[in-house]
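In the two complexes below, chain A is the common chain; its partner is chain B in one and chain C in the other.
Let's turn to the complex of A and B:
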């Protein structure tokens, strides 16, 4: 069998996204204004092609598996995550197009950056070894830094970009150290070989116990590096400011697609490589508890919807970390299914909320305090219901996708004897329910204030995006999952 | 098929009502849907096999095959009456809202609530049960949050948080239970015998969810505000239907799944039940807002139901179940009347009323009629349930039974006091012509007035279908494993037989 066509077809989603990024860069140069206007549609086309080829791959009998000497792994898990990233990017494009028009900041490179970041995510989630992982992560992150500071004239946006950049490179260094240490001990950068080494090779070596310390050190550095990217406490300091400071659609992208990709590979590492009992169970459980608790308690105090979501998005990273802590002892596919489903649910509801904020906060995002949208549901019943659905789903109320997501993760914890962790997690969900419901309640508070003028009617693009998010949040739990 | 229809029709109806382009027809449409559901639900009674103690009308389809979660429904004698109560009350609630509510969301929420309640009652898969159980919160959120009174924000958040707190801990216990048994099937789980300490924690976790819903004293903090702030229809759904699911949960899950823990906790729970009974009664006497009086009296009467369930005797269980049905009927009637009165008067303060018996004789008669059922006058619904519970409670703990009688004396006092202030005496100073009940209102009250007498006069009609299921699904589970303690098992069986004899001749 000829290897080349398979490697072309199996990575088709990635090729489409890369081709799209390059096309978009050219589009504006060649066609100026017309190219700029066509940018969202062109981006969407390439993303839909990528999504389509992901779905084609999912429908195949038998996955290609490891390609390029094992540096890329195309299996059900990575293709599902690719699709989630492409979905997140598509939603971001839909939300951005009217947002950028309103803010008078339409450019072609914005969309090219989204596609580049998506390409990075796709490489990241399909990585089968550490260097591919790093390349994907950096491509995704660099595009992300620029997106966070896209409104460079706004102080908060610039601040967000700088913070994001500084902590980002800092965490990359940790990650690289971790990779170096693991390579130093095992002599490999491949996930599967590393796992074999830890299980079989290492115990046979003289002084195995002291060698094991380096494995622990490497894993710890990886946790710190990836922990920064997904904003696990205590490495989450940057997240609220960045999600709050960046433009709402970008925040949505950073907290869904970027986070999903980083968590995707994080989960693969702990489900497939470090899946034997080890100190990482306690470490991840501790991080999970810290992240959930700090995120939720900080979110409680917020009176601004966007900032509240910034903190709640930290808390949600904690829920995923519950699943990671429980990855030991569960079959890899069970862990990966739980994490992938959660990321899908989280993407749908969080992208929806940030899109909602982008719409409702008005020009310059001036009105995102709770008091600004009091009684909004009486003027825009459909949009009010949409936000209520997203918030219910985030709070984990049935039968929303967010509930199923939490259910699968907490089930992992209980199945692996971490009942206490599940209890902490549900108590955190309880705290989060308070601030989500309080936010949802604002929609239905009758005020004497005059209706805020200037809320533009929903365009078709926005309608489609909200429709996908609402419908997805409602029914995702009942869909047949690819694996 | 019939159970799926009872869940699916209201669900489809809710969707249809919320998407239907003509808002004016949504009232009629929603009422029609609920009426069809009620007619279908009668099939449950006519086709119910009295000799079968297990689940009937079973259906099962895959829901999440990877985890073994099924859409599995079925009802037994325990859930039969609660399903029928729900399908019976919902059309009346919808009809009751015609006067005050025009928005489609109101009607859609009520239908969604019906689907969730019937779904929770009919689920024989634990995951499915949890889905429906939590789904109830969403329509409740909208009913109180959108159409509630002045303090609706606080009332909604408090109500949802209280119930979610219990449910979330139940979720962990549910995860544990299904992990132990490796199945979500209720029948399999009920046959599993859990270790004693696991039973202890699971009973508490499941129990918390149900005790908050019932609510058991001192977990009732959500109740007064939620009942008072909700619109009349919402209060009916909460007090007549939703809190019954708490009691149902105790009967279905807490007691049979964790019998050792249930027996260990029973004395304490009975004390709390009586404490709630008295607390509710005392608080009811202190209120000036008559909807609050009704809210506290509802709380007080729920204490009696829990007392009955935790006697673990057939008489007590039957009494508790019968009391659930009667409480559902008379509380629904009283809260619907409260809604009609506030439509006429614009206030719940008793001082704003007075002398209504002369202005609105029909309304006054209906109120008195339902009050008689609530107070427990012989011949009316409340009486039989109360007697059955008190008799069986007396055998377990005579002091508690005697104390709880105090609650009924109070109950008569505050309800007649309420009647006096509103319907007797001089006509209120702010004079305004008050119209009597119209045809729609009489039509919707009539079934309730009939049913409270019917329950009172022929309780066996209701008791017979539940007897076998209570015996097999609850009492049998409470017996210790026979190989271990033959003597104790015999004692229990003799006791149960004796109870059964008494149960037949209340």
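Let's turn to the complex of A and C:
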């Protein structure tokens, strides 16, 4: 048998997800009610096939590298991020299935949209060129806008969709302008050629100084565009509202998969293309400090678990930005490993915590205040412990995945002479520990009030998802990372 | 128009920057969702003008191809945007952005 062409096999995860999305769209049309019931299982099958082909790629001796004339790069980093995105989507499907049943909103297109967004993420993290980056980002974002407004009859959900949409397109325009400026200066849209242009071409050319200004301008516009997507302060205004207003499993998906993919390519750009000293180091460090501090201080004031997590998710974007600011001095693979590990740890604990809210808050997510959870751990010891594990991991307690994630990023900053930045980040971690532990404590408060939250029993799908998240948050730091 | 002065690529780039600025101001200041949507389209098309100009300067087709992709993506975005507007209008019979303020601290 002839070997399949490399373009086909190396992108197998993407093909599986796209095929899944198209199948899901047909499933409901062809089989009506039966197709609707089979949708979660079918989605999971395709996602597991994608995950399986990611693991097969990771086990290969040599990675395919650049494909399609360099438009797509399949290396250890992009395959690892593809796997993280597929993991995030799988967890979302497991959490959504019982959530949608409870809210009486089961449709086939919900799962098709999740798969389409996942396809966009896979294109985005594998991009080796700006047009591919843009198309992947938009595929991911457009599916995300619809998912945010999935409960279109609820005002909160529709408002979340509006805010997500307006800021999303606004930021895309800035990103695109950045791409245009970089293309205008260098005449290329490929990351590798742009890097060569910045490195070698510039000093020799006449008028080099003025051209460098345009490189800086392009990079700044890229930071604004991607900064909106990953919710770096001061571009984070939409994030708390959207994560608060969207359905809990969708918020989980938007704050793990979508954010992981956007940060994935953000890190690749600044570790591989703009990896020389420049004004972006100071800019990213400032953004990191602003994001961490604003996110954590706002989270302190919240009394609603979902909104607190929305702000905590902003703060976590700041921690990754610490790693990005330190990207100039380190080898690209060190930066990318630290970012990828953090995104994996963050995906496991954040998906878990939003899934937990989806389960516990009851119909219409009415009970998501701290006071509603009081004494929950005595009725559901396992679930109480699960939330405690997620919150401890988010706070960065020692043996958990969240600790190792932060450790690698902050170490990067220290190694590159940004000690002050690492100190600020650690201080921020202390602040965040206060509100995470306060939330965890509520579970173990004895109360006489009537129990409101966490009344539903746990289905097998939910159990599996929580098990993966808890186990992952506990042991991810001790596993051998792919690269 | 070269009786007055020749129009060079720089003029197109300046025009593109001005249009982008107008679009940005429109998104940030207007309260009607439709005006915001139109301003967003203006921003994307301003960038398209830049891409075409740069493609012309470099004698390279990449910029022109990107524009085709951007037009397609903008159409998809407009479609989702209008769907969101319809969902909002059904809730409040109004499309003023300020009326949708349930999510805040």
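Quick note on the criterion: the second predicted complex is superposed on the first by the 477 of 483 C-alpha atoms of A that agree within 3 Å, B and C clash if a C-alpha of one lies under 4 Å from a C-alpha of the other, contacts with A are read in each partner's own complex, and residues count from 1 in each chain.
Methods note: a contact is a pair of C-beta atoms (placed from the backbone, for glycine too) under 8 Å apart; a residue touches a chain by one contact, two chains touch by 3 or more.
Please read these numbers as outputs of a predicted model, since none were measured by experiment.
In the superposed model, A:161 lies in contact with chain C only, and not with chain B. Touch criterion met: A:187 reaches chain C, while chain B stays clear of it.
Of the two partner chains, chain B is the only one touched by A:444; chain C is not.
Contacts of A:58 after superposition: neither chain B nor chain C is touched.
By the document's definition of touching, of the two partners only chain C reaches A:146; chain B does not. Of the two partners chain B and chain C, more chain A residues are in touch with C. When the two complexes are overlaid on their common chain A, residue A:105 makes contact with neither chain B nor chain C. Contact with chain B, but none with chain C, is seen for A:392 once the two complexes are overlaid on the shared chain.
In the superposition on chain A, contact is made by A:138 with chain C only, not with chain B.
Contacts of A:217 after superposition on the shared chain: neither chain B nor chain C is touched.
Contact residues of chain C toward chain A in the complex are 13, 20, 23-24, 27, 33, 36, 40, 43-44, 46-47, 50-51, 53-54, 57-58, 60, 62-63, 65-66, 69-70, 73, 76-77, 80-81, 83-84, 87-88, 90-92, 97, 100-105. Within the complex, the chain B residues that touch chain A are 63-67, 105, 130-135, 137-138, 141, 145-146, 152-153, 156-157, 160-161, 164-165, 168-169, 171-172, 175-176, 179. The touching residues of chain A, when paired with chain B in their complex, are 337, 377, 381, 392, 397-399, 403, 407, 410-411, 414-415, 419, 422-423, 426-427, 429-430, 433-434, 437-438, 440-441, 444-445, 477-478, 480-481. Within the complex, the chain A residues that touch chain C are 130-131, 134-135, 138, 142, 145-146, 149, 152-153, 155-156, 158-163, 165-166, 169-170, 172-173, 176-177, 179-181, 183-184, 187-189, 240-241, 244-245, 298, 301-302, 307.
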